[in-house]
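For clarity, chains are labelled A, B and C in written order, and residue numbers in each chain start from 1.
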Amino acid sequence: MRPASGYFFEDYAVGQRFDHAVPRTLTQGDVALYQALVGSRNPLHCSEPFAQSIGYPAMPVDDLLVFHIAFGKTVPDISYNAVANLGYAECRFVQPVYIGDTLHASTEIVGLKATSSGKTGVVYVRSSCFNQRDELVLTWVRWVMIHRRDTKATNIDLKPYGLVDFAAAVTPNAIAAPRGAWATPACAQATGSKKSWDDIEAPDADHSFANATVTTSAVSPILHAGGLTIDNTDHTLATKLYQNTARVHFDAHHMKDSRFAQRLVYGGHIISLCRALSFDGLENALTIAAINSGSHLNPTFAGDTIYAMSVPLMKWAVSDSVGALRLQLHGYKNADPNSPTFVGTSPEQHVLSLDLTVLMPRRKP
Amino acid sequence: MRPASGYFFEDYAVGQRFDHAVPRTLTQGDVALYQALVGSRNPLHCSEPFAQSIGYPAMPVDDLLVFHIAFGKTVPDISYNAVANLGYAECRFVQPVYIGDTLHASTEIVGLKATSSGKTGVVYVRSSCFNQRDELVLTWVRWVMIHRRDTKATNIDLKPYGLVDFAAAVTPNAIAAPRGAWATPACAQATGSKKSWDDIEAPDADHSFANATVTTSAVSPILHAGGLTIDNTDHTLATKLYQNTARVHFDAHHMKDSRFAQRLVYGGHIISLCRALSFDGLENALTIAAINSGSHLNPTFAGDTIYAMSVPLMKWAVSDSVGALRLQLHGYKNADPNSPTFVGTSPEQHVLSLDLTVLMPRRKP
Amino acid sequence: MRPASGYFFEDYAVGQRFDHAVPRTLTQGDVALYQALVGSRNPLHCSEPFAQSIGYPAMPVDDLLVFHIAFGKTVPDISYNAVANLGYAECRFVQPVYIGDTLHASTEIVGLKATSSGKTGVVYVRSSCFNQRDELVLTWVRWVMIHRRDTKATNIDLKPYGLVDFAAAVTPNAIAAPRGAWATPACAQATGSKKSWDDIEAPDADHSFANATVTTSAVSPILHAGGLTIDNTDHTLATKLYQNTARVHFDAHHMKDSRFAQRLVYGGHIISLCRALSFDGLENALTIAAINSGSHLNPTFAGDTIYAMSVPLMKWAVSDSVGALRLQLHGYKNADPNSPTFVGTSPEQHVLSLDLTVLMPRRKP
């Protein structure tokens, strides 16, 4: 049984599996609140007729709302005593989730590596989220720095156990086309932009895809207009909606004595804000197929304003009507990529770097 | 295609039409969140049995929530580069909207007038909002001061083009009775007040209605009890719920360098707060039939407390069970009309003056 | 008819009855927003399949959300001019409420007692909440200190009228088992804990139950991990969602001149936060059957962080699969019961003491 104070590094073993508690039925309320919290405007998630016009039976729930709910389920067992969420990999959005679906999640410990400080260790986990028919809807890997219970341990074994290295990206053959046909005229009217997959300037994906070094110097970044300022209630409402219990987000009294002296914003909230901001410039990036890799580069706090910029990495056709675009989504705090003074921005203002694969409608052939 | 930085004054021409992006399905979540954000208590929008008892098939969505959603649709094309929203006219709520309906909106540029500064111009627009059956649910005129792209223009043409003048009010014959019968006893139990249309002291509307100068000196204002303090999360959640993208509301980093040095509250949020406050004193003003005219007199910011007062202007019978009341709804910040010191309030505290026509049940004949 | 400024102590008489206004249909939006505002994780209220697996037709609405909605209905007639909510008693949750149900409430004045100051009096009321079929869902007693209209009264009659004393607790025979069977394995998977009613250390209830002095010295308190910091938007959104109009929560301009110099958090919000926090440690306390008694010991304000601790008082079997646990739920501000320095906490930090009866699944026989 889970200890009241959560698990520490020493409690984990490779191969260990957790079936997380608190299944969660998604409702119209979750969808509206998510939209109000992050400012999303993707019509796929807010217009039933549009969703149906491109082949969905109903409005699917925003991919990232599903991610956050699934992630929240894992927190009590995996990251309750986390120092930091170090990275993500191999995240695939396998099938849509609809209002009325009930999600549950499980996690397997796939790797472990102590740190030389003797105070922490890194736990590598694969989590999966299922609907009420036990169909996989989402799977991802993350690695987390966790406190040791015994912080005075000596002679630390620094050898890695299990898997501690992951694919650089989800490969094209692992990404399926959504059902239905993404008719471009319907998309352009609903999203407000005719910029289809064909119009995005990016190198074609090739056979060496998965481990290729991505060269982006030849590609112009897409600067997303607008910025969103975070207040304390925004991020705490979001995180409570996801039933994420990580103490650092909620407990200002406790955090007063931390090195930040205040509550930390949940990193996933920043991902959602950047994704929402990216609608201006990538209006037709209707779904996220994969998060290839990513990390939170700096913490954010209430009062920070978030801006976003996307760098196209590569693209490939998925079906006659759908194309995939792999891109690097960058988030900045209090520094607007649209501003002429942006180049001189300090590295501390770079808060997110996320390698995503999104799906877009193709231009009529 | 819409430029990434939005349209400027020079981009508009009389007769130009925009079919706005991002259709929006209204859900139970929108309705609950709206209520929590503005504090509304009108039972027509929160009690299904009450709505049905007076002739609606289901709870209609709050008129102002519909207005804000429709307004939000127009922002990217019309007021993204707005300096200020100068006024409203000829706004008619044509038919009810229900949970599950999907709204879309379009706008026609009806008038243009440069300003002598050479930095801005005023754009006059008529916007209309339709449901999924393309039935008109709402139409309104507004005029907005917009930045010029070229702020160094000289020899400005100050002649107005198209329509720049509008009816003083929506006339009685343009206002239809809601279907069903507004049985007074049911209303009184649900709203908590027996004060019907018959009990409101206001001059009768006459034939010269539309352009009459309204004399209000003889009528006592209705002082609405209570005040609502705005926090930053309230107004930003509201505006994100409406998918209104006007930067001034969200981006504190950007606004730091504005003359206000902080985020501005969306004017529509003030309208909603005043309408919600007006429930105490006008409990039976069940729907808004028209916004005849109105303007935001001063900006509001987080921390301001809003109070409201209504001045009845005129009234007329609409059907056997329904009467119309035209009133001036005033909003004040940090100055309570109920307070004995209110008379000496500075004009800067007057934030809203809105000429509305509301519908109320008539007393049993 | 209700005066615009609300009722004062002199307006009430024993036996007087109020049928409160503004019936309220509960929606998916209310449920999601409540969860986000208070951080609840009880799977009974967020998983339709789990609720059905233990015998409910659908997810019931959180008991405390029902309480707050019902309480909110009573405010305009009962506590609009309240100085303080002094206590609760005899509160029974009689049957579940579901999404789509419409609640209304009524209150009877059961007791009156002037205070010697001549400025206030205590009003004792029994309120009841009904669904759309007029079935009782919730009933409770509270007593409230109310301003007198005439604060210069002399020769005050200090005799109590009517009922001013209430049962120490709701007796076991007044608490029915929920329908269905609370299968322990299903509960343990959904709640994340195998700690059933059988595992709780508490004295057995005996015949002298109702008026017994509860001895708790022999029982270890259950320390609930975690704390929740309150921001102004949280508690005002919550209170507006409940349509509670008590001015002290919303109107910062007005409260500036109060002895607190700021808005007060609605006491019910503290109850909800403590209940949500108690999930860690009492994961299987699925429903609240009764609030036996309770009071708000100190005010809370935005910025305070709330912690909770439960002391088991007594327990008894309700059916083959369900047991009742009576416990004292304590709430603290800015003082964590899990901290080694907690013992020396000042009494001002103790904000809530609530005597509850909760229902839990029993271990397989």
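Going forward, a contact is a pair of C-beta atoms (placed from the backbone, for glycine too) under 8 Å apart; a residue touches a chain by one contact, two chains touch by 3 or more.
Remember, predicted model here, so these are calculated numbers, not experimental data.
*Asks:* Starting at chain A, find the fewest moves between touching chains needed to arrive at chain C.
*Replies:* Step count on the best path from chain A to chain C: 1.
*Asks:* Copies chain B and chain C touch; is their interface built from the same residue numbers (over half shared) or different ones?
*Replies:* different
*Asks:* Just curious, how far off is chain C from chain B if you go by their C-alpha centres, in Å?
*Replies:* About 37 Å separates the centre of chain B from that of chain C.
*Asks:* Scan chain A for residues touching two or more other chains and write them down.
*Replies:* 27-30, 32-33, 231-233, 237
*Asks:* Name, in rising order, each residue of chain A that touches chain C in their complex.
*Replies:* 1-2, 4-6, 19-25, 27-30, 32-33, 76, 100, 102, 132, 231-233, 236-238, 240-241, 243, 245, 247, 250-254, 263
*Asks:* For a test of understanding, state which residues of chain A touch chain B in their complex under the given definition.
*Replies:* Touching chain B from chain A are residues 27-33, 35-39, 41, 43, 46-50, 59, 189-195, 223, 225-229, 231-234, 237, 280-281, 283, 303, 305, 334, 336.
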